[in-house]
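Please read the structure below before turning to the comments.
Per-chain numbering from 1; labels A, B, C and D assigned in written order.
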Amino acid sequence: MSIVVDFRDAVVVFNGFPALAEASIEVRRGEIVLLQGPNGAGKTTLLRACAGLLPIVRGEASVLGVDLCVDRQSVRPRVGLLGHANGLFADLTISENVLFWAQMVGAKVAEVASTLQRFGIDGRLAEQKVMQLSAGQKRRCALACLVVRRAELWLLDEPHAGLDATARDEIDAIIREACAAGATVLIASHELERARGLATRSVSVVAGRVVS
Amino acid sequence: MDHLGFIAVVYGTTFAVIIALVVRTLSQGRDLASKVADKDKPWT
Amino acid sequence: MSTQLSLGRVARAVAAKDLRIEMRSRVVVNQVFPFAGLVMVMFAFALDNDDVLTRVAGGLVWLATLFSLIVIIQRSFAVDTADGALEAQRVAGLDPAGIFVGKALAVMVQLVTLEIMLFVAAVVLYRVQLHADGAVLLVTCVLSATAGLSLVGTLYGGLTAGSRGRETLLPLLMLPVVAPVLIGATRATESAFTSGGAAVSDGWPWVGVLVVFAAVFGLGGILSFGSLIEE
Amino acid sequence: MDAQTFNARVATPTTRLVGAMAIVSLAWVVIGGLFITPKDVDQGDAVRIMYVHVPTAWVAYLAFIVTAVASACWLLSRKHSMGFDRVAGASAEVGVVFMAMTLLSGSLWGRITWGTYWAWDPRLTTTSFLLVTYIGYLAVRGLGGSLEQRARRSAVIALLAVLEIPLVHFSVLMWRSLHQKASVLSGDGDIKMDGSMLTTLLVGVIGFTMTFAWLVLHRQRVLAMQDAMQMTQLDAALRERADESKGLK
């Protein structure tokens, strides 16, 4: 199974508007694909559709070999979506957040500890409530959750937004590492220079279509 | 007739509401039918 | 490869997470509990008659519980929707039935705590009296009624979470459904307090109604929660 | 592009026939109910309210049965045909209106016969809960999202209402039976009917059922056209986006 994402003329409607208009894209295992394009072009919708969150109105779409027109559920445990929201519980500490997701996939506590360490989240920082963290720390925490979930396909929506240079470097390193471990990554980003350096390939999303 | 007011209110509101519903449904239908192509109207 | 977890383990993790969040933030304890106590005092102002208060104490406790239920459910889902965590749980493919049971369990723990406080308030403020045989009935009634309330609340809370106008839609959908719980729990509680000359044994059939209610909506929620929280 | 025709009519011979039957029988009810039938021995002229009240109540309950059945059909059918969902929605809309009329006519009748607008009778209480529940159902239909999601969500809510209503009815029944039976309710509904009264009531049931059928058929077609309009607009928006992407390339 080398083709991870396969959309053919897929139409996805969001709030009555065809946010994806007959979009076609193919992504192979191990690729890091950069999606570039103006706001409202359909990047976020493409990522959310890949996660099985939005119904495919017309056309064909499959992710990790699962036909999304038929089944949008079974693909979900295998993909990780990091959208504009981090999906964290603000009143819990970082380690509790990561532990929650680890429990959900049956991961070992030791694995959580080692993941946190790799992310440079240890000691006092790991015991801080998420609401006391900076934007970059929150993003790192969210990525750590994706790692413990062992997602095969990472869908990252503007992962660099609102972060300083150091935090961006750290996130790039995390993405490269995940990719080396066998994950496939789709990134939507406005940070073209930075993201091009990271990506193996880049495509444009224009008016709901994907243009290589 | 005893209780004429009560009976008049019951008959009056019931039929007025039904007529209003019918008129609304018909006008909506007429309005949409002139915009939607016949192929989308399986009953024609 | 991630594996699908069993309903029980998802439920336990979700319930533990919700309760831990409440222990940290203390929103329910610091805001909803005082609100419910205030409602009890307000009832006393409105009814202004000691005999009447003693007679209807059971109903007032359950009304205060219903009002608090709306707020607790909204808080329970606000925790999940504030930063997209409910969506993250959907994307992660967690068993929706597990999320449903887990959240209902957490709500149930909070509600039972609240009801203990309200019954103490009823004894102090409304001068109701409780005897040993009534206490057994009361405990059974509280547990079964609270199970029903938490399950229905979580079911409709999930449906309205994240939609426009959820603050107003939740009570509209939920209150008619929990009416049997209000009737049953109030009658059973009045029997437990033997208020208005009721006998303790009169209360047990009502507990039966409450148990059936909780079972029906528990099953209904397990089957349907997944389709209600989908976009 | 094939030539598109726009037939401005929604009616078909069937609905016209149903409509005509409805008009004739409703006219019969008005004339028969107000002028031809005699007074009831116990109720006097108040019995004339029954000729309208009983049929609307019947239609209101019928409407919610139709909604529940159509919802179950949508969930169970393999194709998830949107027709079921539209029938469910149309029937609930009509049912809510009929239920409100039933409560109004019922409470006016109660004022005359029982001396009170409202009694905590299980039937009355259940009916009012049914009304509120289906108002909530219509609110859920208006939540938005894709057509399929609207259908799934509202079907689930309709079936939950099927669980709720018997529980409400049973608990109110049990509640009232534990107290002394409300005396105003004794003798309720047991009217000694002569031939013309029975006929008028029967014609009323037929006429209001026909009205219901006509309204649901038409309303369901209106909903179908609204959904089709949405699809046409989607096509237009897709073409627009296609032009847009060509222009930007």
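In the analysis below, a residue touches a chain if its C-beta (ideal position, glycine included) is under 8 Å from a C-beta of that chain, and two chains touch if they have at least 3 such contacts.
The model shown is predicted, which means the values in this text are computed figures rather than measured ones.
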**Item:** Chain-chain pair with the highest tally of contacting C-beta pairs
**Value:** B-D
**Request:** Name the chain with the Cα centroid closest to the overall protein Cα centroid.
**Result:** C
**From subunit A, the most remote chain by mean C-alpha position** = B
**Prompt:** Approximately how many whole Å separate the CA-defined centres of subunit B and subunit D?
**Reply:** 13
**Asked** In whole angstrom, how far does the Cα centroid of subunit A sit from the Cα centroid of subunit C?
**Response** 37
**Fill in**
subunit A and subunit B have mean C-alpha positions lying a whole-number Å distance apart equal to 52
**Message:** Just the number, please: Cα centre separation of subunit C and subunit D in whole Å.
**Reply:** 32
**Complete:** Shared-interface residues of subunit A (touching two or more other chains) are none
**Message:** Where in subunit C do residues touch at least two different other chains?
**Reply:** 231
**Asked** Which chains touch which?
**Response** A-C, A-D, B-D, C-D
**Fill in**
The answer for subunit D against subunit B in the complex is residues 4-10, 12, 26, 30, 33-34, 44-46, 48-49, 52-53, 56, 94, 97, 101, 104-105, 108-109, 111-112, 211, 214-215, 218-219, 221-222, 224-226, 228-229, 231-232
**Request:** Within their complex, state which residues of subunit D touch subunit A.
**Result:** 144, 146, 148-149, 230, 233-234, 237-238, 241-242, 244-245, 248-249
**Complete:** subunit D partner, complex, touching residues on subunit A are 11, 13, 15-18, 21-22, 55, 57, 206-209, 211
**Asked** Mind pulling up the subunit B residues that touch subunit D in the complex?
**Response** 1-4, 6-7, 9-11, 13-15, 17-18, 21-22, 25-26, 28-30, 32-44
**Request:** State the interface residues of subunit D toward subunit C in the complex, per the touch definition above.
**Result:** 129, 132-133, 135-136, 139-140, 143-146, 149, 152-153, 156-157, 159-160, 163-164, 167-168, 170-172, 174-175, 178
